[in-house]
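Each of the next two complexes has subunit A plus one more chain, namely subunit B in the first and subunit C in the second.
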Partner chain A sequence: MKESNSLLKSLKNPTVRAAYIFILPSLILIFVFRILPIFLSIWISMVDFSISTPISSKFVGLENFREAVKDKYLWDALKNTAEYSVGTVIPGILLGLIFALIISEGWFKYSGLIRSIYFIPVILSTTIAGLIFSWLYHPSFGLLNYILSFFKIPPKAWLGDPILALPCVMIMAVWKGLGYNITIWTAGLLGIPSEYRDAARVDGCNWWKEFWYIRAPLLKPVLLFLTVLGFINSFQSFEAIYVMTGGGPIYKTRVIVYYLWQNAFQWLRFGYAAAIAWLLFLILVSLTYFQFKMYGKEEGL
Partner chain B sequence: MNRKIGVVSIWHGLLYIIVISGAITMIFPLLWLLSTSFKTYDKTLHWPPELIPNPFYPRNYADVLSIPLFARAILNSAIYAIFGMLGTVFLASLAGFAFAKYEFPGKNLLFFLILSTLMIPGQVTLIPNFLILKTLGWLNTFLALIVPGLGAPFGIFLIRQFALGIPSELFDSARVDGASEFRIYWQIFLPLCIPAISTLAVLEFLGRWNDLFWPIIVTRTPEMRTVQMALTLVCRTLYDIIWNQLAAGMVLAFLPVFILFVIFQKYFVEGIALTGLKG
Partner chain C sequence: MKKRSLILVLSTLLVVLFAFTSYSAPITLRLTKWLSFPEEKGWIEKWAKKYEQAHPDVKIEIDLVTTGYDEKLLTSFAGGEAPDIFYVHSVNLPAYVEQGLCVPLDKYIDGPNGINTKDIFPAIWKATTYKGKKYGYSATNGVQILYFNKRMFRESGLRYPDKNWTWKDLAETAQKLTKKDKDGRITQYGFQCDEYNRVFVTYVWSMGGKLFDNEEAPKKPLFNNTIGVEAAKYLADLVMVYGVAPAPGVPGALGYREAFRTQKVAMILDGSWMIRNFINQKDLEFGTAVVPKGKKRTGWYDCCFWAMSTQTKYPDIVWDVIKHMSSVEVALDKADYGGPQLMGMPSWQTAYKDPRWKPCDLVAPVVEQMKYARPELSFWNAGKFAFTMLASKLQEIIIMKKDPKKALDELAQETIEEIIKKMPK
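Our next item is the complex of A and B:
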């Protein structure tokens, strides 16, 4: 009672009223499209969802989750997602570091221009990037097979090959994301005062020792940032697979979100798809927690 | 001494070669796209492939634009990206301003609530959002494309962080002079906030122009397709893709983003660095 009185009183204050009016549109939108859906999603994941009469969907408790844990296709999708994530995030981060180390050296000219060039694929849509690579990988007329023919390597059906398809998508993703990794690493490297390096040099450290003992420890937060964000994003990838392989051949490139999308929007199994979404959320939370934990251990926290 | 310098410059030369070959690898697929877009259909099926298109065939651009649904898709994407960007920037800057520069009951709680929604991945809210839009009867309209994205927690956060660095005296003195609160926002806050707003604007535009996932979910009819969707569907025969035409379509779809990147590079890099990549 007292609180609502003070709220009413403060609403008489024109600046307070203005502030509420300023945040109100955002607040309503965020409530309707971000907060309410969280609770709806919990409910949907626990019913056998009926599209025609959602309200009378039958409550099934954790049945969708039980089915998910036993679903061989979901496990396959999880395995593909993990492979895809490890195979894009880690090479991307390492290559990014190598290039960032070179172009952030004082003697390197045109580093700004080089960074811009590496950044161009980042702003390209995943759709276009995926289509360009599909064309490069084309089994009959693709440039890749042509180039390999000089090395006497017989043509392959890259994206049509169950073993090669996922790595082919991964190569596209590394190509597309490299400029991002370089940018973040460069920002980290340029943030280290040059006095640290100079002092190490004066003390007779060679380049490698100086990097490993002086700069590498200072770059750990950058590494954490890139791995955490990299895994969160790559575990949610959908578009590259949708454009390049459609999950095939024989489901070998079907990732979690693609499987979720199929369940929801092709097979109209909304309840099951919502359960998969929550499992994905749990995986993301545990992955992030695990990475912070590893980082804390390294730091002795 | 000379020898040492020689070794160093060999090293430097080698590292230059590595970085430049990397840069060529980055650019080459785009050059190949450009080259394909100027080829005749026969030449895309030609073996060996040619880097320089001969004959030079710019008709592909006219051909792809004359596909009514492709031209429509470009228009749809422009509407989706521009209105989504303007709306988000307006609402997020209003809210960010209020969270940074006003005192009101519940401020911290509300801010925390808004930020905490960032932890929930989009897949969790995807299905309920689809159903909400279905219930509202908004599916397959621009409302479904644009409105759900207008409440932008990250945008509010970005603007608020920037606004915290602006001295409050500027607003107080305007208030003493009798300016209305909205005028303070519009005439004093917004101009000061341009760096943060530019970063956010670029990010919001790019995200929507390049988006494929959300349009796939909420659009139904060919007339509502966005350009990225159209690219996955047009220029196809039953068995294969008409690559030269599609390449022209892709160049057209990338051109606006590329031009903006050349002009506003700083904001692109800043914005994307802040939020990470999606794929």
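Our next item is the complex of A and C:
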């Protein structure tokens, strides 16, 4: 009440009024294209959505959610998504840290070269990256099988093999996201005052002890940031799967967003797809909450 | 003075009002289609322009979509901004009709401004009819055919495939065409097809089998009977026993088509529209043949057509445009009069009797195959769903060496639970 009164009061000031008028178009756009669709998707998840006449869609309550819980294909997709997320986020973070250390410590003669090229895959579109890797993995004339042939290793259908297909996509995703992780880790490492390291060295710490006891605890917020963002992004991954495997073979690479897309645009079940989207949202919120709990609230971001 | 001014203002207003009422703005129709070939853009624009020239009061806005066609079309319907005319693949028709996107065209097709329905191949009407109503037709379509690499056949001293070829001939010839290097690595495959589900369906049909008791409104799966098991075993043997075909990979840009184009494989089964694609590969010397037969010859018919949107305000004009864009003249032009630059095969039987129709060697087998082709499964949206499930199960049989009978029985059970029970009654 008090706040709304002060808002009304401030609106009497012509400068404040002008400021609100200036930001009004942006606010309207954010409301129409960001806020409103969220509420609409709640409604869509509770109806049997009619594409031609959305307004006359039949209300089904929580039926779509009930079906989702019982849908074994959805659970399979969720399992694949979890595997994909763990397989991309954790190696991505670890490799990112290793490369960030190489760059910041100047261990490697060509650190400068890494510094200038590592970000290129990040700016590449996932579709292009997916196609490049599809060529590398090609069973008949891919580079990977060509190299293996020198070691007398028989060619493999990398993306056609139910066991290898998902790890193959993961490798592409790690490669593509590595530059971003390196940047964040490098920023975190450079943000630690050098005095801490100097003091530790004076006290006789070797590199490993200094890193583990001094810098690693200070990098916890960076780790939390990369983990939370990494899991959110990997749970929403779609393009790589769409381009490289189409969810196959034998549904082994069908992740949750791909399954959502199939339901919406291949089988025209928009209500069910919206329900899956809300379940995905709940999973991500729970996962993020769990990660914050695990790393400790006091670290902040 | 005041009175004169008032008269002047009123008369000006009247003139403006008259000008507005007497001026009829041209009607703008929106037409959308996915882009199959880059050249298709010029072709559609040419024929739309011809319509506009004959009907100056109609303007056709063309929207050709390269990727994400279904997504764009469906969201435009949901947003009330649907095009007046759009292209539909027959496997999507039942779902589109159930969602109220397409207008039945029977009253136009059979009306005074209608067409000679008997001149269109019956398979097309089968593919474009749902629950007894016709939803469209198109100038051209495609059928499944066999492509073969002529050089590889010659080098192995083999005769080119002909109309007497059976599935057994295909397997035996594929064995002769599969080559290995001195280390035993395969350098050339005899046959490849990533879409094994489509070959499976063709095999079952050609052996006189059926996938379901009623393929339009299925109640019971039949693909797990003896013929289905035989078909699955045939495909698995090509890969696992004879080693003449690579394991089914991921369908898409880098699959069997690329392998055929780059001469890594001697034979593939694919749609007739790929002639235009392969012909541009200058060093590829290829031929076409009808699909190998079983007890009879068959193959799938890939049927796509123009449909009228339920959101159009001008149904009569839309029908006229559909009729124009699907005419015999358009069909002959799109089919390159039987030349190798064809973008589809005419849906009209008279087109094949036209004096300008001169089928080249590559097109002649396609004409023959059209007599036997039948539309793909198109019951409700289960068509696509069932195809995805079948593809996945065949991968289990071929790659994971799962027992064909057991795997198909599982698929039959899943089909009943996941598709048949959920179909609209």
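One rule holds for everything that comes next: the second predicted complex is superposed on the first by the 273 of 301 C-alpha atoms of A that agree within 3 Å, B and C clash if a C-alpha of one lies under 4 Å from a C-alpha of the other, contacts with A are read in each partner's own complex, and residues count from 1 in each chain.
Here is the rule we go by: a contact is a pair of C-beta atoms (placed from the backbone, for glycine too) under 8 Å apart; a residue touches a chain by one contact, two chains touch by 3 or more.
Computed from a prediction, not measured in an experiment: that's the story for all the values here.
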- request: Judging by the criteria at the top, classify the pair subunit B and subunit C on subunit A as clash or fit.
  value: clash
Task: State whether A:139 touches subunit B only (first), subunit C only (second), both chains, or neither.
output: second
Task: Name the contact category of A:152: first (subunit B only), second (subunit C only), both, or neither.
output: second
Query: Which holds for A:280: it touches subunit B only (first), subunit C only (second), both, or neither?
result: first
- request: Applying the touch criterion given at the start, work out whether A:290 contacts subunit B, subunit C, both or neither, answering first, second, both or neither.
  value: neither
Query: Touching A:34 in the superposition: subunit B (first), subunit C (second), both, neither?
result: first
Message: If we overlay the two complexes on their shared chain A, which of subunit B and subunit C does A:265 touch? Say first, second, both or neither.
response: both
- request: With the two complexes superposed on chain A, say which partner A:250 touches: subunit B (first), subunit C (second), both, or neither.
  value: second
Task: Please indicate which partner A:54 is in contact with in the superposed arrangement: first for subunit B, second for subunit C, both, or neither.
output: both
- request: For A:160, decide between first (touching subunit B), second (touching subunit C), both and neither.
  value: second
- request: Look at the residues of subunit A and decide whether subunit B or subunit C touches more of them.
  value: B
Statement: subunit B stretch colliding with subunit C in the overlay (listed: 134-142, 188-196 or 206-214) is 134-142
Query: Can you list the residues of subunit A that meet both subunit B and subunit C?
result: 54, 131, 135, 138, 140-141, 243, 265, 270
- prompt: Given the complex with subunit A, which residues does subunit C contribute to the contact?
  reply: 70-71, 74, 77-78, 82, 95, 98-101, 183, 185, 189, 246-254, 258-259, 262, 264-265, 310-311, 381, 384-385, 388, 391-392, 395-396, 399-400
- line: The answer for subunit A against subunit B in the complex is residues 6-7, 10, 14-16, 18-20, 22-23, 25-38, 40-41, 44, 54, 99, 102-103, 107-108, 114, 116-129, 131-133, 135-136, 138, 140-141, 143, 146, 173, 175-180, 183-184, 187, 229-230, 232-234, 236-240, 242-243, 257, 260, 264-265, 270, 273-274, 276-278, 280-281, 284
- prompt: Across the complex, what residues on subunit B touch subunit A?
  reply: 12, 15-16, 18-20, 22-23, 25-27, 29-30, 32-33, 36, 44-49, 91-92, 94-95, 97-99, 102-105, 107, 110, 113-114, 117, 120-132, 147-153, 156, 175, 181-182, 185, 206, 209-213, 216-217, 228, 231-232, 241, 243, 246-247, 250, 253-254, 257-258, 261, 265, 268-269, 272-273, 276-279
Field: Residues of subunit A touching subunit C in the complex
entry: 50-54, 131, 134-135, 138-141, 149, 152, 154-155, 157, 159-162, 165, 243-246, 248-251, 262, 265-268, 270
